[in-house]
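Letters A, B, C and D mark the chains in the order given here, with residues in each chain numbered from 1 onward.
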């Protein structure tokens, strides 16, 4: 299966200062084996696009503790006190985006759009530096698309071509991130023969997936 | 099953001058029983949002022949010569939108967005009256969301709650249209008990579906 | 009954058969325990679930199945899973009938603050703004005052606003207010609570429904 | 071999193993018959299929399975179905490696017209603009001249332009041109076709690759 590589081979593709999307809502749907491999690598000054930054010492929290994250773009970092501390110590730059705006902006990035207008965050602190526009009598703010150099995503199952399906609420940001990065690496629990996932059920068609690693695989 | 009604009951909800989205790529994925019921009703001056307007005397082509369509918004009408003639005779107003822009605009309508920027059609006749904007050095045109009073869609299977799955390439515009109209009526080939469609496989969750009719059902 | 459960039970009475309901963290989560048995509502969780069920017992926890508060849940028959973009498209597009949210403050016009605290680093917003902006109806459930006894219903917000959109109904341990164009309307008092107590503990001005004035007179 | 199949076969030689390929109507559709056996490519159809297979025989036509030309198709192992918004998100987002398109005209800069005819009602655009804008590489396959013998490769388009984006490669029955910043470059002559014939039948100016000049001299 030509897309299958090890976690080590996968993270070797990532250079310092890369912009990386990482799937997951907290630890659920986060590609933990890839994140751990990244923690074992030498890369630093990363820009991480992820809804959260894990928990203290778990998931992306490991990279925060190791001071490898220069900037984080996401919707909710408060749940990891080490992120709050790193921010206060000016070790970590944070860009806060409402969760729906973030998932839509990543989708827009993958869909080749130049940006969109959302009503969410109008009149709030979040929108202070954003263009506001009235369309059909309603206020909206402009949101740019979000793209990245790499996407590290987590799926339940891949077939040998790289088609993916997800696991319950672990789907979350993963399908959009699969569309919005130059190099997409999917961590999966299981690999099956092509044709073993129904054509109607595939969530991420294989054209989006560059490499596959097995969860727990070295 | 509370959402199940007959085609006749369904079209009775539709008044003249309504704006109606109709699923399908040509006749494939078009809710033909609903369209036929509409042809048997008294409504007129309809605004139809659909990729095409059927074939002469088939699908939406019936409504064109009956001169019930005042305006059509879609991407490709040339395949029905009666549409071309109605347009030339000034009986039918046409708004042409590139296929990808149209499907994205319907999605945007259902997703509560105020509009988006697409690179498609920049510098062409289609974009003549559209706002052009340069974003990150690339030219885009602004596209408004598309919404409707009614969506008539076609799915393969519904469960008793109204969750839907589609059939191969008959999926096309149907899932987006399900999100973008005030009243959504789904024509299906089969109804199964709730729980009989896998939670992972459902394409249109039931919250989008107001009424269900059976294909061929009166 | 615990006062938080009292609030949740009162909020649950606002739900109608077939409603698509999103429950925030805190008191709103408790609403799930009080949904009237004669109606069927569907719980939406913004991380990508329609049809959230009760919490699992410890032996049936599925690490891939959590709600927006990252707590383990189950799903009911006919549930579906979807990605975050689709989930928030549902919310923003007005397909969630009712959201029940917690708050830090509510102002005299019915606008709320529920995502950030002044003086602290603003590092989390989550789906708060999306839910408030997009839901067809928004119900706020909250204790009437803070732990320090300060009114949460204030003339002007001192906490950062969540949206320009006003909420529809405010349910506290003391009272229920409906929000109209001209501001807050006190429409209901909790059992054994007097109008006077609500007036004392509410900083924002509010209208008083006739039924309350009449009812209060009777109670006096 | 039919000249259209000759063009299609030549276009197929441009495909690489693993390519995601979208084939337009007309000559491009024929490319599917000429894909080299030692590579695997995946055919994308903008109505929502990745992994289009050969046409079915009459007994195996599935009315729910058609390509973008509305003709019955089959699918290969590992294919997937998706909605139109997702399909065009793939295209616009640059996830389709190669699109092979038919044209009405090509100008001296390599821009094309392939959706509307002057003087006729403009009632169809379909996915032409999306494919031209979004595909990583665009190959045009066309007869060099119209039925009336007029050059399709013109100084300036007289038909409405499809996109400001220039195509990458032009393959006709007479020649192959690559498109660079400074315009068209003739890089290949079809068998038994002379440079002189291409020059006579091409209205737009073009550069001539050294290999052709040398090759032509040899042939003379």
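Methods note: a contact is a pair of C-beta atoms (placed from the backbone, for glycine too) under 8 Å apart; a residue touches a chain by one contact, two chains touch by 3 or more.
Since the structure is predicted, the reported quantities are computational estimates derived from the model, not experimental observations.
**Student:** After a C-alpha superposition of chain A on chain B, what does the rotation angle come to, in degrees rounded to the nearest 5?
**Tutor:** It works out to 180 degrees.
**Student:** Report, in whole Å, the distance between the mean C-alpha point of chain A and the mean C-alpha point of chain B.
**Tutor:** Distance between chain centres, rounded to whole Å: 33 Å.
**Student:** When the C-alpha atoms of chain B and chain D are each averaged to a single point, how far apart are the two points in Å?
**Tutor:** So the centroids are 30 Å from each other.
**Student:** Quick one: chain C and chain D, Cα centre-to-centre, how many Å?
**Tutor:** Centre-to-centre distance between chain C and chain D: 57 Å.
**Student:** Can you list the chain B residues in contact with two or more other chains?
**Tutor:** Within chain B, the residues that touch at least two other chains are 104, 107, 111-113, 118-119, 166, 168, 199-200.
**Student:** Residues of chain C touching 2+ other chains?
**Tutor:** Only 75, 81-82, 88-89, 91-92, 134 qualify.
**Student:** Pick one for the touching-chains graph, please: line, ring, star, complete, other.
**Tutor:** Chain contacts: none of line, ring, star or complete; other.
**Student:** Could you list each pair of chains that touch one another?
**Tutor:** The list of touching pairs comes to A-B, A-C, A-D, B-C, B-D.
**Student:** For chain A, which residues count as touching chain C in their complex?
**Tutor:** 25-26, 28-29, 51, 75-79, 83-84, 87-88, 94, 96-104, 106-107, 118-126, 139, 156, 166-176, 203
**Student:** In their shared complex, at which residues does chain A touch chain B?
**Tutor:** Interface residues on the chain A side: 104, 108, 111-119, 133, 135-136, 138, 140, 144, 165-166, 168, 198-201.
**Student:** If you look only at chain D, which of its residues touch chain A in the complex?
**Tutor:** Of all residues in chain D, those touching chain A are 20, 42, 44, 50-51, 75, 77-82, 88-96, 134.
**Student:** In the complex of these two chains, what residues of chain A are touching chain D?
**Tutor:** So the residues of chain A in touch with chain D come to 107, 109-113, 159-161, 163, 179-180, 194-195, 199-200, 202, 205-208.
**Student:** Inside the complex, what are the residues of chain C that reach chain A?
**Tutor:** 45-49, 62-67, 70, 75, 81-85, 87-89, 91-92, 116, 121-130, 133-134, 160-164
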